[in-house]
Structure formats: structure tokens, C-alpha cells
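Right after this note come the structures.
In the two assemblies presented below, chain A is common to both, partnered first by chain B and then by chain C.
This part shows the complex of A and B:
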């Protein structure tokens, strides 16, 4: 670091310590390293880390960084898998873990106001005691924060029926990159004027830091039914997905797993999936108890008509949990097939599911790779997992080539780059596959309106042309198991 | 090389799923106090990327080594051996301070020698039995001492009567038809501070048709040494114990102490690079059982004495996370006629005792203990049951601090009472945690 930069960092530390106290400001090497990662493969150390305890302290921290011309990066729980909270340009990491209070729950008006560090599941459990819930349920929900969910516009298996995070955020209090505090949205649906909440949700920390989030809450479903349909042919499973949606039924969740995953899951978890199937669909419907039987029957006959060999309805809560355990444990089971996997998050129109799955299979054959599929079929959000051994350099190279081909196939089918994991660092260089230079320019202008200096989480979302091959060289993940799923 | 072994760090994919299970992260929500952060720091130490040993020690020593993160980790990262390895390396690199010298002195020269340890315990007992302790606790005298001394004094566990301190040796006949021979580890601290629990445990084994063998040459198991990075000392103790129990010719080696059990089960790994010992250590490891585990494995002979009590069981970390033993102690307790078993919400969270952690990190330990007591007491128990001496001392201290009359006992204390037909035997007005 050049001396002037060192001076700026020193001054930043001093002013942060003045506001937050020494206890919540970290800058030793060890501490910087402990804030150099998230759940992706990206790594970069910040110069300073601070953990503010109030909106005013967040604002003061932002002002202190900007005054020194240093970038700042918001961090929730660091479970992002696109490198969003990794400070690639150094500067200040502002951790929001201390802002973890649920401030208000209004059942009558159906909203909750929380601080950004509240963990998704904590809110859902607090609501659950009163018969309510918060719908978006990323699989990382016991760890990830609502602030991170807002920034990444996160989804989850039950977002098929209820929509992703954006559909459940009524408003946010934001510390803007100039250190001022503003409120976007309101406590009720559809406020007057521009939908700036909508602009902020999904902005991945590049438009400021959310310090309060107004979440929409809902009554918990009265009843739930879960079933497993198994198929001898992948195309029949894909056809069933389209048929269910075309019939106007909106399941709460509609997940697909292919043959290799089914066998891996059975071997390690024993969820009761038929091991000779080419694909299974895990389908869940929720709602008023009376309506559910009818929905189950229609889904059953739709699946059978498309060639399902068997449709099994969970007879007890324990059996339902076991069916889900198979889905939730899928990633862990896969990790035992090969040491590493590289995961993509492409989205395709439901009607094109089959042709894209075929393109994935072709890419696997062409590059002599094993690619397995477990994904949110209902909304066309694929998660192809390319398995490999990092010790094999040639194979590792083929993984990247195949990965790019798969993403191109998704985009060519009319789909897009990411269903729920965000763009961050992992996919920013692919943005121009989807958007024209004019589109990107327009987005850049929106961002600049919020962050003219470009100090809020720089180098994210937009193509950086930095060649982050080294970040990806290792493939995603090591040997996750059990609960680790996507 | 068995230790230090940093290879498990490679399995961590930094997903963060362990974060909400870590007691220290719950108190201090920053990465360095989380399992994921610690693993990254340990990686930095292993690769030489980080050399701020004091800072590393500061952050890594805050870890309880409770291994809750291991139970939560989908990638099955072996955190326990990572933190032990890191401590071993840091012990070598850190500049010696007075505190560290004192710790090392105890590890090297007191704990491995039962007689020296007994002498320390006898002094403590004398202090407690002579009325000096009452004088200190109940008169203005304590005002004359620094706060820290008063605090440490209040944590001191109740010692066993002097007459019970010498560990029994030899063989004890089973009651009824013999089902096997068990070697029993009397332990160091256990015998000195919970001698009656050792007696109860041996009785329970005998009621279950087991011949109890007590090898004379058995030593401290080395858990404290291993957890704090004193690897050569731990190895020496392991070799001594293997030899002692081999000599005894037993079917199983049994312990009623969770911490010792998990260390005994690690002897295989501890000695796997010593050709003369690797095979013997592995064979030894295969015979080690926690006492709850063995009784369930063999099939408990049902006790018949009624104990009309409401009990709550608190999982020792080294049983639930270290050995994945969770159901067995509960199963045994449910077998006691009349006993009603309550379930605490956070039974598998650490109580903050963690070896000598309560002495080295008192503030954090107390914060964790406070949550623990609130959780356990909310079930309105007559008795709190655990299966490890360190946890029992800590929970008794927690009850004393809370001014609560609840008793803290070992699973075997209750089982023995039921076998012996002694009844509940609890004086509910007593505030001292000793089982009657």
C-alpha cells in the first residue's frame, strides 16, 4: 500500500474508533483475513472492518470511508455465492450482524419492521408463534440475513407460488453512499411515486446500505401436502412441470432431481426415492385444508397422464420431512461423487426446460464431464452441477468451457444468468450476453444516481473485465453434505 | 504425523451454515468469533500467511472447543482436531507469559500425577471443610480481596471428603450373572470432586452384570493436554493408559466423563505415527465406551426403585458433539420409574465450562452460563442431570449464582439410587449441589 493510502486507512480507523469505540473496529491482518470471503470462491481483504450498532453509526461509517475516498462494502452473514460481500477493491467492510432486532410486528396490517442483520429464519419463527410467516425461504435461511436477501433479491423453493424477496419488501431505510439516511417505500403496498424500493431490492450493495427493512408477512398455510412423482424418462418429468403450471395450479414448491442425484441421495440419506427412476418431481401444495385433496388429485392425474410411473403422497409429517431431506441433502450427497462441483444458476423459460437440459447433457458428453441436475423446476431455475477433481487441470479447464456453454444455452433459450444467487463477481463478466451496451449504460446511470462516486461495493454487478479466472479456478465448493443445498 | 493436522481445513467451503450454532458467535457477532472465521485463521496460521500470533491466540482462545460447529457442518469439517492443532502450534510460537507458564506447569507437573493433584484437592477440601470458606463467603472478609479472587473463589467446585479421594483399585464383582469385564477409568478430577458419582457408576455397572476392573497404573486421560495443545504430554498419558488397560484384559474401557471418553476415542489418531503403538492404540480405541453408550448397547437391566422427580438433561458437548451420544442418557433416565424427563430448548448448547475456559475467559463463560441456566430452569426441574464433571461443576456454580435450590447430578447418580432403592434422596432446601 502506498503511504498516502496507508494514511487514509489510519485516519479511517481513527474516526471509526471515535464513533463506534475500539471494540467494534478491526484492522489487524488476522481480522482483515476473517472478512475476506463469503460462500463463493472469491477472496479479497478489506483494509478495515467495522460493526456499527445503529443507523446513525452506519451513516457515520459510510461518511468516514467516503471522506477518505475509500470504498465500502455491506456484509450480512456472508453466505452469498456470487462474491457480493467480498471487498475486491479493499476499503471498509461494514458488517451488519449487530443490527439484529425485530423492531415491530403488525399483524393487522401484515408487516414487520426489522433491522438488516435479522436472520431470515429468526423472523419466520417469531411470526410462526402467532400463526404468520415470512414467505421467501432461501435454503440458507437459518444463517442469511434479511439485508442480504434484499440486496440479492433472494429466492427459495417456496418462492414459486409466492414470488422472490422483491415481492415481499414494502420499504427500506437506506444509508445512501453520501452518508445521508432516507426511506424508500412505505408500510403498505403501492405507495405514490416511483417504486424506488423495487430499484433498491437486488442492488447488491451498490446503491447504499439498508438499515431497516419493512417485510410483508402472511398467514401460515392451514394445510400442506407433499408428493413425489417418479419417471422413467426426463422428458416426461419436464412435460409434467409444464402441464401442472398450464392447468393453473400453482404449487408452493416444484423441484426436479435427475437420476444420478436420486441414486446419490438414496445411498447417503435414504429418503425413499426410487433408485431406478430417470427423474423425480417433488411437489408441495399449501392452502386451506379442504382444497388440498382436490389439488393433489389433479396433480396426480396430470403427472400420470404424462407418463409418471408412480405418484406417492406423504402420509405423515415424518414422511414429508424425509422427502424434503432428500432434496435438501442433494448437494451433500453429490459432493461424495467427486471432490468438487461448479454450480450455475441459470434461468430458462419453463417451456424450454427440456431443450436446455438436453444442451447440458450434450455439453457434458462433448467435454467428458459428469453434470447432474437438481433444481427449482417450477420457475425454470436450473442448478446444473458440474462435477470435477481440482487435481486434474485438464478436467478443470473443461469445466469452465462447459460452464460457459451452458450459460450461453440458457441465455439463447430466452433465459437469464441468475435465478437467485445474484451477479456479484461471479457473473458480472457475462452481463453483456444478456444486455446491450445501451441497457448496461442505462443501469449504470441508475446506479450513479445513487452512488456518483462509485464507492458503494465497486466492481460488482457490471462487467469489470478483470478476468476473474483465478477466482473460479477452484470450482465451487469442497465436500458439502447434509444440509448444504441450493 | 498425527498432530498438528491441518488437512481438515480444506473441507471447509465457507458456507457459514455453522454460524448460528456457535455460542461465542452468538455473544460476539464477528467472524473471528465464529467457526468459519476460526478455520480461516487456522488456515492462515498453517500456511504462514498470518504471523500475528498474539492476535491469533486472542481470537482462537475464545473458542470453547465445544464442537457444536462440527455437528452443524454439512461438509463434516473436523473442527476439534483443527483447533487442537492450532493451539499446539501457538504454544510453540507464543512468547511465554506468567499465565502461560503457570498453565504449562499445571499441565506438565500436576495433572499427570494423581498424587500431586490430590494434594491440591486436599488443600481445597481443607479450606472448604474447616469453615474457612464459610468465613470468606459469609463475612465482610471477601471485601478485602480483589474482585477477581472473589470471583474465582466462588467458582471453586465442592471437593469430595478426604476419605473418598484415593481412587479404588482392584476388581469388583458383578451383582448377578456376569455379562463381561469392564475397565473403569476413575479419572483425575472426577475422583477428587465427585467420588460418590464414581462409586454410583461402578454400582450401576455391577447391577448390570459387569465385573469392574480398576487397573492400578491408569492415569489422567490427557484431555486437558490435548485440548490445550500439550501434545507430547497427551501422548505419554495415552501410552500409559493403553498399557494399563491391556494388562487388565477387559472387554470394554468405560468412562462416566464425556471429556475423557472423547479423548480416549482419539488415542488411535494421537498415536498413529508411532509404529510400536499405532496398532495397540487403535485396538484400545475400539473398546472405549461412554458409560451411557455401553449400558444401552448391552441392554439396561431395568432399575425398580421409584424416583419421583422432574429432571432435565443437559448434553455435555463432548458427548453430543464429540461422540454423537444424545439419545442414550435420555433413554436411561426414562427407564427410572417415576422420573419425568423434561427437554430444554438448548440442551445441546455449551454451558461455558469447557475445561479451564471458565477460569481463562470468565466473562464469556458467565454470559453463556447465564443463558444456559435460564433455559434449564425454565423447565422447572427438581434436578439437572448431566454426564461430565466439568459441566456438573459449572451448572452447580450457575445454580448457586442464581440462588436456586436445584440439584445437579450425574445420570449414574440417579440410576444408582434407583437400583439401590434409595428413593429420590434430594433435599430440596439445600443449595449445595452435592448428591446426597
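This part shows the complex of A and C:
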């Protein structure tokens, strides 16, 4: 670190300690290390970390960083898979863990106001006691925060029927990069003026820090049925997904797992999936009790007509929970197969599922890799997991090549780079596969309206200008810029 | 407004026209079906219209994907017809849809009462291509149903009333047509009773497609009897009768037959328990006629104030008959959107007073927008109301996307 930079950092630490107290400001090596990663493979250490306890403290922290010309990065639970909260340009990480109160739940007005550090499931459980729910349910919902969900516009298995985070956020209080506090949206629909909430959601921390979130809440469904359809051929499972959607049935969830996932899940979790199947579909329908049997029957016959060997309907809540435990624990189970996996997040039109799954299988064969699939099939949101051993440099290289080929196949089919995990650091250099320079420039201009100096989570989302970027390889996980994330 | 408008053949040409306008200091006003050119503040007198009439048609439609990409000048009804041929629909019911274009509806964020169940435009738009005033055509989003690739800039154009650019094409989420539709009509002596039942239904697990309260005029229930609308199918007569009898509750269901039947049964029971008069339960063709009539209630010649509030606030507004809310009214209690319709008999003075009282009463708890008002009213009260706290950011967004201030200058919130 050059001396002037060191001075800036020292001044930043001093001013933060003045506002937050020494207790909530961290700058020792091991402390910085703890905030150098998320659930992606990216690593980079911040210069300073702070944990503010109020909106005013977040604003003061932002002001302190920008005064020194240092970037700041918001951090929720660090479960992001695109490197969003990894401070590639150094600067200040602002952790929101202490802002974890549910401030208001108004059932009659059907909204809740929460601080950004509230964990997704905590809100849902608070509502559940009263017969209500918060719909978006990322698989990471036990740990991920609503602030992170807002920043990434997160999805989840039940977003098929109910929409993603953006559809459930009415407003946000935001600390802007100049340290001022503003409110976007409202507690009601159609606030006056441009839909700033709509563009803030999904902006991955590059427009400012959400310090309060107004969430729409819903009545939980009256009844639910969960079923598992198993197949001898992956193609038949994919065809069933298309057939269900085409038949006009919109299940609450429609998830697919392939053979290797099924076997990993059975070995480590034991969800009751048939281990000899090439694929299973986990399908859930929700709503009024009167409609459930009909929906189950239609789905069952559609699946059977497309070659399902068996369709099993969960007979009890315990059996249902067990089926879901397999899906929710799939990533954990896979982690035991190989030291690491690289998780992609492509989206394709639902009629293209089959051909893109084939392209994934071809890429695996071509590059001698194991690629397994567990994904939100009903939305066309693929999650191929490429397994590898980072100690094997050649294999690691092939993982990259195969990953790129898969993303190309998604884009070529009319799909896109990410359905829910975000662009972050991981895919920013692929953005020009789907957007022209003009498209990206227009987005940059919108960003500049919020963040003229570009200090809010820099080098994310947009293609990194390599060379001029002050990309710092960190001592610990340090890797050259191009391989930041593996 | 200039008589000789522009009519680009494609979006690239539209962008070039906009760039020329920018250089010349000219203002442009996008024009769709021009069914509601009066929305918002007036256009600058020298603004030249730029029509989407030649930007029309479906560009990409794969029914099994449940998405469609259309050009902005496509008629809303035309699109619904094309989707209907494949058993699908775009689940929005904007008022005055005849002649309206997809671009105009998006720009106006004109949704309708089905939004509580199926989502508003912001929830249904997957991507957009837009002509900007620097001569560029830019897109955001795509045509897949889940997408976090880059910013959702398209959401900024929804409801922007054409002040950021010309919407050229949009990709939309669509749905299969519901197997069954039903409407239950009930009538109550007091609006408060109607609201109570409406809130019970809206807060239930019945998943209604829409729950509305209509308060008409005894002599002319939304023109349903005067023959000004349609031929007067039995469904419309039933609706007219329910409105004449008091505060009318209209509950719509759309979905699988057993679910609709259950909904109707439960609503009837709730109405009976609350002392309301159950009026009619509409099926088949009668339901279709009443459904269309509810979607398209004529507003008449007076002023229309649109209030968006939380559902609870909207319910209180309707049931307490807050001063100035008397007269005809249509309230969507699921989303909290209330339309107050003031007849010509209400003088401009009175309209201004009512709007100001309502706005100051609500503060930030609601937005009150005058959709329609005579010039004498518009001169004295801002149709949009006070600037929101995030107004400086809105201005920054306008400057970022339309630096030449070409698009519909002055028409939007805070004279943007």
C-alpha cells in the first residue's frame, strides 16, 4: 500500500472510531480476512470493516469513506455467489449484521418494514405465526439477509408462482453514496414519479446501501401438495417441465435434480429419492384445498405421459419436509463429492431446457468434467455445478472453459447470464455477450445518477476495465486479476 | 402541438429523430393510441408528436414459454386476441383499453384491478428496447422470466409517461387463460359494511382475482343503464342493479372451477353474515359482459382523482367517507387503489379544495393524482401533487437518460 493510501485508511479508521466506537471498527489483518470472501470463489481484503448500528451510522461511515476517496461495499450475510460483497478495490466494508430488527408488521396494510440485516427466514417465520408469509425464499434463506436479497433481486424455488424479490419490495430507505439518506418508493403501490425502487432492487450494492426495506407480505396458502416424479431419462423430465408449463399449470415450485445429485443427496441426507433415477422433479402446488387434487392429477398424468416412472405424492407433512430437505441440502451434499464446485446460474426460455441441458452434458464430456444439475426448472433457471479439485490446475482451467461454453449456450438459446445470483465479479466480463456498449452505457448513466463518483461497490456488474482498474491481489487468497474468482 | 407528427418505421429511425430534435432544441411527445393524451401536465405547446403507429406487431411469441415480445404500437386488444387464440392472456385490465397501445399503457402504468392477484406492469415487464434522445437504441432485461443481468432500467420507463425515451418494444410475462371466471355481486346499505366484507375477502385465503367497491349514482350507475356503453347484456343489468341498490361489492374469481366455486360460496356466506344483500352470481356470458363492464367503467366528463394507498388506508378512506370522497367511486381494496369520479356538477373550486384536503390529510401515506380534470382545475393544482423526497434522484435519472430534455418535457411529476 502506498503511503498516501495508508494515510487515507488511517484517517478513515479514526473517523469511524469516532462515530461508531472502537468496538465496531476492524482493521487488523485477521479481521480483514474474515470479510474478504463470500460464497463465490472470489477473495479480496478490505482495508477497514465497520458494523454500524443505525441508518445515521451507515451514513456517517459512507461519508467517512468517500471523504478519503475510498470505495465502500455493503455486506449482508456474505452468501452471495457472484462475489458481490467481495471488496476487490479495497476500501471499507460496511457490514449490516447489527441492523437486524423487524421494525413493523402491518397485516391490514400487508407490508413489513425491516432493517437490511434481518434474515429472510426470520421475517417469514415472524409472519408465519399469524398466517402470513414473505414469498421469496432463496435456498439460503436461513442465513441470507433481506438487504442482500434486495441488492441481488434474489429468487427461490417458490418464485415460479409468486415472482422474485423485485415483485415484493414496495420501498427502500437508502444511504446514497454522498452520505445522504433518502426514501425510494412507499408503503403503498404506485408511488409518485419514476420507479426508483424497481431499478435499485438488483443493483448489487452499486447505487447505495439499503437501510430499511418495505416488504410486501401475503396470506400463506390454505393447502399444499408436494410430489416427486422420477425418470429414467433426463430428457423426459425436461419434457415434463415444458408440458406442465404449456398446459397452463403454474405450480408453486418446480425443481429438477439429476442422477448424481440424487445419489449425493441420498448418501448424505436421505430424502427418499430413488437412487437409480436419472432425474427427479420436485413439484409443489399451493392454494385453495378444492383445487389441489385436480392439479396433482393433471401434473401426474402429464409426467407419466412424458415417461415418468413413478409419481409419488407426499402423504404427510413429515414426508413433504423430507423431500424438500433433499433439495435444500443438495449443494451441501455435492460439496462432499469433490473439494470444490463452480456454480453457474444461467436462464433459458423454458422450451429450450432440453437442448441446453444437452449442451451442458456435451461440455462435460468434451472437457472431461463432472457437471451435475439441481435447478429451478419451472423458470428455466439452470444451476449447473462443475465439480473440480483446485489443486489440479489443468482441471481448473477446463472448468473455466466449460463454464463459458455453458453460458454461451444459454445466451444463444435466447436466455441470459444470471437468473438470481447476480453478475458481481463473476460475470461482469460476459456482460457484452448480452448487451451492446450502448446498453451498458445507459445503465452506467443510471448508476451515475445515484453514484456519480463510482465509489459504491466498484468494479462489479460492468465489464472491468482491466489495466486501469486498481485490482489488488490479496496476500491470502491472492490470485491474478483474471482468476479472481476461482 | 404540431399537426405534422412523426411516424418512424423502426426504433433506430425514432432514435435518429430524437437526436435531431435534441440538437434543434425541439421537444417530442410520444403518441400511442392517444386515448389519454391528457394524462399528466400539459405538453409543451411546440412539442412534436412522434407516433408508434408504424411500430406495431408481435415480434416473438413462443406460447409454451409464456412470454411475448411486442412492438410498442401494438394495440392492447389486438395482442389479447392473438394470445387468446393460443389460450393465453396478458393478465392486466387497464381502463379504457379500446385503442390503447402497449407502449401507452406501459408509459401510463395503466393497470386495473387484477393487479393485486396477477401483478402490475412493473411485475410483468421482462425487458424493453427504448429510443433515447442521444440517438441510441438501448435495451435492458430480456425475454426470460427470471433475470438479474444488469439493471432493470426498463422499470424506470414504466409509468414515466414517455419522459425518458420512446418505448419501442417490450417483452412481457403472460399466463394461460383461466379455466373459469365468476363474479359475485352484493349490495350494502352502507359503504362501511361493504368495506368490511371486502377487507375480509381481500385478507382471506380465497385468492380472488379482484375485489372492488363501486358507488354509483342512483339515476345513472356508471352509464350502465343509459345505453351509452354497450347493448346492455344481462350481466351489465345485474351490475347496474347492484350499484343502484347501494354500495356494490364486486368480487371476481379466475382459476380452476372448484376454486372459483369455493370462492363464490364463501363470499356469499360472508355477505349473508354481514347483512348485505347478495345480488347475483354471474357465470358464462353474463360473467363476461359484467367483467368487461367492470374493466371499462366510463368515467364521464368530470374530474378523476386516483388515490394509491395501503389497503388499510384505502379501506378507511372509503368507509369513513372522508370529506370530499362523496360521489361516485371505484375502489380496489386488494391493492389500495381508489378512483374518485367527480361529475361536472362539482365546480373547479370545489375539486381543487377536495384534492388539497385529501393530499394534506394523507401526507406521504398515499399518492393522489388527478388523472383527468378541466383546465380551470389544472391551472390551480398540480395534477401530480407534491414532489416525493427522492425527487432529486428522479431529476438526476431524467438528466442521465434524456440529457437534451427532448421527451415530453414538463409533463411529469415535479415538471420533469
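Note that the second predicted complex is superposed on the first by the 463 of 486 C-alpha atoms of A that agree within 3 Å, B and C clash if a C-alpha of one lies under 4 Å from a C-alpha of the other, contacts with A are read in each partner's own complex, and residues count from 1 in each chain.
By our rule, a contact is a pair of C-beta atoms (placed from the backbone, for glycine too) under 8 Å apart; a residue touches a chain by one contact, two chains touch by 3 or more.
Values in this document were obtained by computation on a predicted structure and should not be read as measured data.
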item	value
Partner chain in contact with A:77 - chain B first, chain C second, else both or neither	first
Chain B versus chain C as contact partner of A:100, first or second or both or neither	first
Which of chain B and chain C A:178 touches, first, second, both or neither	neither
Partner chain(s) touched by A:300 [first = chain B, second = chain C, both, neither]	neither
Partner with the higher number of touched chain A residues, chain C or chain B	C
Which of chain B and chain C A:31 touches, first, second, both or neither	first
Which of chain B and chain C A:423 touches, first, second, both or neither	second
Partner chain(s) touched by A:108 [first = chain B, second = chain C, both, neither]	second
Contact residues of chain A, present in both the chain B and the chain C interface	none
Touching residues (chain side chain A, partner chain B) in the complex	26, 28-31, 33-39, 49, 51, 77-79, 95, 97-98, 100, 117, 119, 140, 142-144, 331-332, 335, 476-484
Sites on chain C touched by chain A in the complex	62-67, 87-88, 109, 115, 119-120, 122-123, 132, 136-140, 142-153, 155-156, 158-160, 164, 175-177, 179, 199, 203-207, 255-256, 258-259, 261-263, 308-313, 315, 335-337, 364-367, 369, 384-385, 387-394, 396-401, 412-414, 416
For the chain A and chain C complex, residues of the former touching the latter	106-111, 152-153, 155, 159, 163-164, 166-167, 176, 182-184, 186-196, 198-199, 201-203, 219-222, 242, 245-250, 287-291, 294-295, 347-351, 376, 379-381, 414-423, 427, 431, 434-436, 438-443, 445-450, 461
Footprint of chain A on chain B - complex, ascending	10-17, 19-20, 29-32, 36-37, 40-41, 44, 49-52, 55-56, 59, 72-76
